[in-house]
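Consider the two complexes below, in which chain A is the common component and chain B and chain C are the respective partners.
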Partner chain A sequence: MGDTQGAVFDDIEIGQYIPAVVKGPMTTAHIVRWSAAMENWHRIHYDWKYATEHDGLPDVMVNGSWKQHVMIQLLADWAGDTGWAWKVAFQFRGMNVPGDTLTAWGRVTGKEQRGRFGVVDLEIGMLDQKGQEGTPGTARVVLPLRGGPPVPYPFDPAILDAA
Partner chain B sequence: MSDTMTEVSDAQAEAYLQSLIGPIGEEVQTLVELGAVRRMALCVGDHDPIHFDEAAAKARGYRGVVAPWPLLWLYFFTCTIYEHDFPFGKATVHGQDDYDFHEPMIVGDVLTVSTAMVDAKLKHGKVGRLGQVVSERRFTNQRGELCAVLRTTLFRR
Partner chain C sequence: MSETIPDYITPEVKAIIGAEAPPITARHAVESSEVRRFHQALIDNAPRFWDPEASKRYGGPVAPMGFPVHVFRRTEEEPDPLAMMDQPDYDGVDRALRPGLPPVLVPLKRLMNGGYEYELFRHARPGEGIVLKSRYADIYQRNGRTGPIVFVVIEDSYETGAGEKLLRSTNTIILR
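Entry: the complex of A and B
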C-alpha cells in the first residue's frame, strides 16, 4: 500500500468515534446519477409516480448501495493507505429520500493485536437530519501498529496469525 | 408467480428454497473500465485521485486507477442473476449486505464473477411466513487474486 498514514492501532480507544462523513441534502440528481453508474433501473429510484402510487413510498428512494459507498468511504478515509477496511455489513432498516442530509458514523467497539497488526471492530451507521438511524451495521478494520509495516494487499487474513 | 400463501404449503416453500442452494448461472468475466470507475466516484463525491489519476494511484502503491468498492454493484446488476421467481409471498425486500475486501479492483483488470446461493430458509415471525435467501458473489481478478466477496440477503414475505 501507499504511505498516506491512516489510523494507528496503538492510538485507538474503545468507545471512540471516528471522523464522520456528511452528505447532502440529497437530490434526485444524486439518485439518478448513482442508478446510472450501477445500472440499477428499479423504478423506485427515478419514477416518482411509480414510487409513490404503485409502491406507496413517500418519494423516490436513495439507493442502499449509495449509502454503503459512503460508509465504506468513512472507513477507508480513516484507515488511510496504511490500513485496510476488511469486513463491512449493513442492514437496510430505514428509507431515505431527496432532501435528507446523511451522516455516516462509526464507533470503536473492540480492538485486538494479532501478529504484527491490529484488528479493530466498529459499529457503524447512517443518521438522517432528524437523528434517525437507517443503515446500522458493523465493520472490521485492520490497522498498522505504531512503527510497524502497513497492512499489505492483497489482504490475506492469514497474516493476522503469523508471528 | 404470485400465489398467495394458502396456495403453497410450508413444505413446498421450504423445498423451493432448498432447491436454490448451489451455483447460480455460469461464471462471467467483465472488464474494469475507467469510465465506469470515474462515474461511480464522481457521483458519490469521492474525489480521492486514486479513482481518477493513474500516476497518483501508483504513487500510493496501487497497480493503477482504483475502483470504488461499490462498483461491485455494477457487476451485480449487469453480470449476475439476482431475481428469483419465488412461488410464495408478495414482495421481496433487500435486507442486508456483507462485504469482505481483499485486493483492490484496478482499471484494466478482468474480473471473474461467480454467484451461488449459500443459504435459504423459511421462517415464521410476527408478520407471518418469511423466506430468507443469502446469495454470494465472488470477484477474482485475472491474477487469480480474490478481490471481494459480496453476500446479499433477501427476504420474501
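Entry: the complex of A and C
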C-alpha cells in the first residue's frame, strides 16, 4: 500500500461537502478507553454519580479532546497523503453523552491557488444523531493541483508564497 | 438581598497573564504502543499510524497529528491525582493547566475545554522527544446568566527534541 491520493484542488467546488467521518454510537467504554489512553482523570468522563449529582450533567461526557482529533481526522482523511490539513479551529459548545452517534462534517467555503498549490477553506462541525451542532469551526487545507506535485512534507507555509 | 458578583481576576491571577513556561521535554520519547492505544481509542486506523509501506511520505509510521498535546504524562515527582479522589468535590483535574505554568487559582469548581485553534506542520514519530513551550495568553472573566465564567487562553508550541516544528495551538479553558 502506498500513499493515499487525497483531494485535488481543481476538482473542488465552493459549497461542496467533503466525506463525513461518523463515530458511534458512543458508549461509556469508548470514553473510558480514551481517558485511559491519555491519562485524563477528569471525573465527568467516567464517574456517573459525580457527573450527574455533583456537576449536574445529564450523563458522563464524551471528551472534547477526543472530538478534536476526530475533527483533524476528517480533514486528514480528505487531504490524504498528497495534501495537508494546515489549520483547524473549533469550539466545544455541545455536550455529548453515551448513546450519541457523532458525524464530523466539512463544507468548502473558499478556494485560492497559491504558488503551485491550492488552499481550501471550510466550515466544519460535528452533529449528533438529532442533528444538533456541538463543535462548530473552520479549517484550511492545502491540496495539490491536478498534475502537480504533492504538498511537501513536513508542511511549511512558505511554499504557498513561492513562485 | 443584593448579590455581588465576585471578581476572580485578582491581582494574583492578573500577575500570571503572559507567564511563559520554560521549554519542557516530555519524560519519555514517543512510544509505538501509546500511539497504537491513541489511534485505536480514536477509532482511526489510518495506515500512516502503523503500516511502514503506507507511511513512506512521513519517513515511517507516525502518531496522529494531535498526539503531542497529550504526551506530558505525570512524572514520578508529581503527586498522584487519584490520591485525592476521596474528596467529594475533587474533579480529578490539576489546576496547573500546563507543565511549567503556575496554577490558575480561581475558586470555580467546573472546568471545561472551550476549544482549540491548531496550526499543523509535522507528525511526531516513535522515538522522538516532544518539547512544549506554553504561555498564558489571557485570563478574563465574563458574567453570564449562570454566573461568572473565567476563560483561560493558553498558547502552546510543540517541537521535536531536534527542534522541528510539530504544531501550534491556542486552547481556551473555561472555569465556571
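Please note the rule applied: the second predicted complex is superposed on the first by the 160 of 163 C-alpha atoms of A that agree within 3 Å, B and C clash if a C-alpha of one lies under 4 Å from a C-alpha of the other, contacts with A are read in each partner's own complex, and residues count from 1 in each chain.
What we mean here is this: a residue touches a chain if its C-beta (ideal position, glycine included) is under 8 Å from a C-beta of that chain, and two chains touch if they have at least 3 such contacts.
In this text, all values refer to a predicted model and were calculated from it rather than measured experimentally.
Asks: Do chain B and chain C fit side by side on chain A after the overlay, or clash?
Replies: clash
Asks: Is A:Trp84 touching the first partner chain B, the second partner chain C, both, or neither of them?
Replies: Both partners.
Asks: Once the shared chain is lined up, is A:Trp34 touching chain B (first), chain C (second), both, or neither of them?
Replies: both
Asks: By residue count, is chain A touched more by chain B or by chain C?
Replies: Of chain B and chain C, C contacts more residues of chain A.
Asks: By the touch definition at the top of the document, which applies to A:Gln5: first (chain B), second (chain C), both, or neither?
Replies: A:Gln5 sits against neither chain B nor chain C.
Asks: With both complexes superposed on chain A, which partner does A:Arg43 reach: first (chain B), second (chain C), both or neither?
Replies: Touch partner of A:Arg43: chain C, not chain B.
Asks: In the overlay, answer first, second, both or neither for which of chain B and chain C A:His54 touches.
Replies: In the superposition, A:His54 touches chain C alone.
Asks: Go through the superposed model and pick first if A:Gln129 touches only chain B, second if only chain C, both, or neither.
Replies: Neither partner.
Asks: Can you list the residues of chain A that meet both chain B and chain C?
Replies: Shared contact residues on chain A: 1-4, 23, 30, 33-34, 36-39, 64-66, 68-70, 72-73, 81, 84-92, 153-156.
Asks: Across the complex, what residues on chain A touch chain C?
Replies: 1-4, 23, 30, 33-34, 36-39, 41-44, 47, 50, 54-55, 64-66, 68-70, 72-73, 76-77, 81, 84-92, 137, 150, 153-156
Asks: Give the list of chain B residues in touch with chain A in this complex.
Replies: Residues 36, 39-40, 42-46, 59-62, 68-71, 73-74, 76-78, 93-104, 145-147 of chain B touch chain A in their complex.
Asks: If we count contacts the way the header does, which residues on chain A are in touch with chain B in the complex?
Replies: Touching chain B: residues 1-4, 23, 30, 33-34, 36-40, 64-66, 68-70, 72-73, 81, 84-92, 153-156 of chain A.
Asks: Where on chain C is chain A touching in the complex?
Replies: 34, 37-38, 40-44, 46-48, 51, 53-54, 56-58, 64-66, 69-70, 73-74, 81-82, 85, 88-93, 109-122, 164-165, 172
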